[in-house]
Amino acid sequence: MTRYPDPKQVGGDFYSRNFAKNARPDTLILNLGPQHPSTHGVLRVLLELDGEYILRAEPVFGYLHRMHEKMGETKAWGQFMPNMGRVDYGHPLSWNWAYCGAVEKLAGIEVPERAEVIRVITHEMNRLTSHLLWWGAYILDLGAFTPIMYAFDDREHLLDLLQRPTASRLTYSYFRFGGVSKDLDEKFVEGTKAFIARFRQRLPMYKDLVTDNIILRKRVEDIGIIDQDMVTRYGATGPVARGAGLAYDLRVSEPFGVYDRFDFKVPTQTTCCSMGRYLVRMEEMEQSCRIIEQALEQLPGAEGPHLVKGAPKPQAKMPAGEAYFAVEGGRGKVGVYVVSDGSKIPYRVKLRAPGFSNLSCFAEACQGMLLADAVAVLGSLDLIIPEIDR
Amino acid sequence: MKLFDNLPIECKARADYEKTGQEWVFFFKPGVLRKAVQRLYKDGWFLEDLLALDTTDGMLLVYHFDKMSRPGRVTLKVLTSGTEPKIPTISDIYQGADWHEREVYDFHGVVFEGHPNLIPLLLPAEEDQRIEPPLLKTDKKRTGLKNLMSLYETEVCSAAVEALFTEEPAEEAPAEG
Amino acid sequence: MSAVKDIFQSVKDLWSLFVGLRVTGKYFMQPTLTVHYPRETVDEDVEQTYGGHVELVPKPKNPLKPKCIGCMMCVTNCPSGCLTVVKAKAPKPTPEEEQAMKEAEARGEKVKKPKAPKEPAKFMYDYSLCSLCGTCIENCPVGSLRYSNNIYFVGTSRKEFKLDLLQRLQRQAENTAKAAPEASEPEQAAETAKSEA
Amino acid sequence: MSIHPQLLHLIIALIAVMAWVGLNALVLVYFERKGAGFIQRRPGPFEVGPQGIIQPLVDGIKLMCKQLVMPTGADPVLFWTAPLLSMTPVLLLFLVLPYGPWLTGMQIDLGILLILAFAGINVLALLIAGWSSNNKYGLLGAARAVAQSVAYEIPLLLAVLAVAFTTGTLDFVKITEGQGPWPWQWNMVYQPLAFIIFIISAVGECNRAPFDLPEAESELTAGFHTEFSSMGFGLFFMAEYSYMVVVASVASTLFLGGYQGPFGSDGWWWYLPKVYAILMFMIWIRWTYPRVTFVQLLNINWKWLLPLGTVNLLATAFFMKLF
C-alpha cells in the first residue's frame, strides 16, 4: 500500500519534463513560480537544487503572452498606440516613445520642441515611478515590508501629477505621432517642482533605512555577477549593463529627443553584482530629478505646440520602409522596429524588450548560489513580466 | 565598416541613421552568417534583437547589432526559403540569441540548425496544444521585399539581391539554404 | 591597522541597524497618509483630473442633448471597439408631406426628403472593453466626448459597465437641475459626479 | 471523590493558561498589525469593532470556518499531528512562568530547564509539518527550521546559564526574587551581553523576521506551513505568537526583574508591561529589517553568538568564583 504517487506518472508539464532530462541524480527540481511571491507576476523558474544550492536554472515564461506583435499587424498605426502602454506597466512612456519615434522616423514627422521637452519631463517622471516600484518590490523580495509603502507614498504623488496630462495612472497612452496628446498646465509644473524638492529630502531616508542597512548590504553584495562579457553575450542593457561598469545609456550615447541638452551623469558601478545594479538605480533617481528640473526650466522657452500641425490620424497611411528606434527605458534599451508596406496597417512591428535580454542572463548568473540569493538576483534584474512576455 | 571585408557579402549598404535608425545593412547567405556574427562578437557588438519577416521573396531574418561604445546600428539580413525556413543558429556565439531564436521559431516557424534547445518559448509547449506560427502572413497580405524596404546606398551588391529590389518582380528567391 | 579598521567598520555596520529603527520609529509617530475611503475621499484636484470612462458633452444651450453630430469618427478610430453609435433616422414624413412629395415627383421637381437630424439615436459604450487611450476624444470634430471624473465607479457585473451615454447625459442634466437651487456651481458638479457613481 | 488540591490547582492553571494563550495571540496579532500599519503610515485594521479591535478574533473565526485541505501524497497522520504538536507544549511552558508572587501555575526548581526542554518539541513539529506535507517548499522550510532552531538553542542556553550562575538557581521565582525592583538591580545590568544574546537568539528561536527563514515567504512561499489551511495553519500561527510571549516572559523574568515593583508593589502589573515592551521591540524590528540569508543566519549564530556566549559564561563563572 503506497500513498505516494508513482514518480513516473508525476511528470509535470512539458518544461518540467524537458528540464528533468538533464537532471543529475539526487537533486531536487523546484518550480519557483509561476505563482510565487517574488517572481513578480507569472514568471516561473525551474531550479535544480542540491540542498539549497542552485545547480541549474531555466526561466520559463509566456504565461502572460498577449501577442502584441500580432495585434500590431491587425490594427492601424495609430490604433496600436494604446498597446504600448500595456507592454510594460512599469515604464510605459518609454514604449510610447519608442513606438512613436519609430513611426516618426518612418514617416518623417517633425516633433515640435515643446513636445520634445514635455516628453522628456513625463518620461523621466515615469522612470522615477518605475524605479520606485522596483525599489519597493525588491526590498519586499528581500523580506522587508515597510519600504514599499514609503516608495508608494512618493509614487502616488507622481501618479497624481502624471494623471493631469495623461488622464491615466498606470498604462499611459500619452504620446502621439508628432507630439503628445495634451499640454502640461501650470499646476503640473508647480506640483512637479514641489515634488522634486520633497523627493530630494526623501532619498536620504531611503538610504538610511535600506541602502546603508547592513543586512541588505550583506544580502545583495557579491551575488549574481554579470560582467561586461556576459552583458555583451546576452545583450543586457540598462542598469544591468551600467552595474557592470559599462556607461551605456542611450540618453547619452545615442541621444534621442532632446536629451543632449541636459546635464546629467550616467551612474555606473564596477562591482557587477546585485548591489551594483541597486546603487545604479538609486543614483539614477537623483539624476532623473536633475533632468526634470532642467527640463522644467526649458519648458517655457520651448517653441511650438504640443502636437505638430497635421499630425497623422490613427487610420493614416504610412510610407513604405523600415525604421528602428530605441529609447532608454527604466530597464534598459526599449527598441521598436517597424516595417511598413505603405498601407494603414503595419506590416511588422517588432518589440525589443530589455527585460527579455536581462532575464536571459539569470540562468548563468545564478549558478552555485543559494535559493535566497536567486530571489535577490531576480529582483535586481528589475523584471516586468508583461514586457518579457509581450 | 570594414569588419566583413574578406567575407562573401551579398550586399553592403549604408543606410541613413536619421531616417531608418540603421547605419549599415548587410545581406548574407545563411552559410556566411555565423562567420559574420563571430566577427561582430570579437569587435564588441551585442545582439539587440532578431526577427523574421515573411515576404513573397522568402523568409527574411533580420539581426540588429549595436555597440555600446558608439552609436550606430548594423543590420544583418539573411534570406531563406519561405516554405521551409532554416538557418544556422548563433546562440553559441551570443547566448542571448537563444531565446530570440526560440521566439522566432514560435512566431514564424524558422528552424535554427544546431540550436541546443529549440522548444517553444512563449506559445503553448505541450505537443497537443501547439499552434501554427501566428505571424506567418496570409498569401493575400504577403508582399515582396521591394515594397517594404529599399536597398539604400549600396557599396557592394550581388545581382541576386539587386534583382529583389528592382521594379520587375524577381522570378524566385535566390538565396537558398 | 586593518584590525582597527575592521572593528570600526563593524561598529558602523551595527549602527546602521539602529538608524533603520530610528526611521521606522519616526514614521510610527507620524499621522497616517492613506485615504480612508468611505469617510474620506481623494483631493478634489486629483478627482477633477482623473480620467475615468468616456462621457458625452452636452450642448451649451441644451443640457439634454450632446454636441455629437453622429459622424462616427470615434467609432472608426477606436482601437478597442467599445463604442456603438446609431445615427438618428430621418423622421417619417407625415401624410401631407408624403402627398407633397408625390406631387413634386409627379411634377418632375426635385423631391425634398426630410433630412436625418445630425445627432445620435443611441450612444452605447462598453467600459469593460475601453482602453482609455483618448483616441475618440481627440478625433471628435465637435468635441463631444471627454473623460468623466467618475473616480468611484464600481460594478458587480459586466452589464453595469455597458453604459448608455445618452441616458447618462440626461440623468446628469436632471441631477444638475435638481441640485441647482441649493448647491453652488463647483460643488454641484462634484455632487452629480458622485451621485452618478 | 476528592481531588488532590495540587492537581486541582494544576487543572485550573491549565485552563487559565489556555485562555491566556488565546488572548495573547489575539492581542499580539492586533498589535502587530496596528504597529505595522502605523510604521507604514496606514491605519491598520480599522473596520471591525472600534479601531478594528476585534479583527483578530474575526480572523480566527474565519480560519476555523475554512476547509481543511490535505495535499495528495501527504502523510495523513503526521500531517495532522504536526500543528497539534506545535501547539500543545506551549501550554506547558506557560505553567512555570511567574506572573506574580501568587500567580505561578507550577513552581518547580527546574523551571528554565522545563521551558528549554519543551520548547525543543516545536522543532519536531516544524520538521514533521514540512516533511509530511509532500511539498518541496515545505521540505526546504522544515530543513531550515531544524538547523535554525537547533543552532539558536545553544546561545540561548548559554545566556540563560550565565544568569543561572549568578543567581545559583534554575527556579524562576528565585531568580526573580534575586533581583531588585529598580532597573539598576536587574540582571540586565550585570549581564548585558547575555541579555543581547538572549534577545537575538529568541528572535531566531521564534522564527521571527529578520530570522523568519523557515517560512520566508519571498523564497519558500510559506515554508513549512505552505500546505496547511484552516486551523492547521491557525495552530502554527498561534504557536508562533505564544512562543514569542514565552521567550519575552523568560527574558523579562531573567533580565528585567520579573514581577517585582518598587515599594513592595509586586505583581503582574509590573510583569506584563515588561513582556509587552520586549514583544513590541520584536514587532518593531520585524517591520524594519530585510531578511538575512540562511548562511548568514547560521554564521551569526556559530561565529558570533556562540563564542560570545561562551566567553560571557566563562567570565561569569570566573567572577563568581572570584567574589
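The chains carry the letters A, B, C and D, assigned in the order they are written, with residues numbered from 1 in each.
Here, a residue touches a chain if its C-beta (ideal position, glycine included) is under 8 Å from a C-beta of that chain, and two chains touch if they have at least 3 such contacts.
This structure is a prediction, so every number in the text was calculated from the model and none was measured.
J.: Taking each chain's centre as the mean of its C-alpha atoms, which one lies nearest the mean of all protein C-alpha atoms here?
T.: A
J.: Using Cα averages as centroids, what's the distance between subunit A and subunit C in whole Å?
T.: Each chain's C-alpha centroid was found; their separation is 30 Å.
J.: Distance-wise, how many Å sit between the C-alpha centres of subunit B and subunit C, to the nearest whole number?
T.: Inter-chain centre distance comes to 46 Å.
J.: Give me the residues of subunit C that touch two or more other chains.
T.: Residue numbers touching two or more other chains: 17, 20, 23-24, 27, 33.
J.: In subunit D, what residues contact two or more other chains?
T.: In subunit D, residues 39-42, 287-289 touch at least two other chains, as defined above.
J.: If a residue has to touch 2 or more other chains to count, which residues of subunit B qualify?
T.: Not one residue of subunit B touches more than one other chain, so the list is empty.
J.: What's the complete list of touching chain pairs for this entry?
T.: Final set of chain pairs in contact is A-B, A-C, A-D, C-D.
J.: Under the touch definition given earlier, write down the residues of subunit C that touch subunit D in their complex.
T.: 17, 20-21, 23-25, 27-28, 30-34, 36
J.: State the interface residues of subunit C toward subunit A in the complex, per the touch definition above.
T.: 13-14, 16-17, 19-20, 22-24, 27, 33, 43, 45-46, 49-51, 76-80, 131-135, 138-139, 147
J.: Residues of subunit A touching subunit C in their complex?
T.: Going through subunit A, the ones touching subunit C are 75-76, 78-83, 85-86, 146, 150, 153, 160, 163-164, 166-168, 171, 173, 176, 181, 187, 205, 208-210, 212-215, 217, 313-315.
J.: How about subunit A: which of its residues touch subunit D in the complex?
T.: For subunit A paired with subunit D, touching residues are 3-5, 28, 30, 36-38, 52, 139-146, 149-150, 153, 209-210, 213, 215-216, 218-219, 370-373, 375.
J.: Can you list the subunit D residues touching subunit C in their complex?
T.: 35, 37-43, 46, 284-285, 287-289
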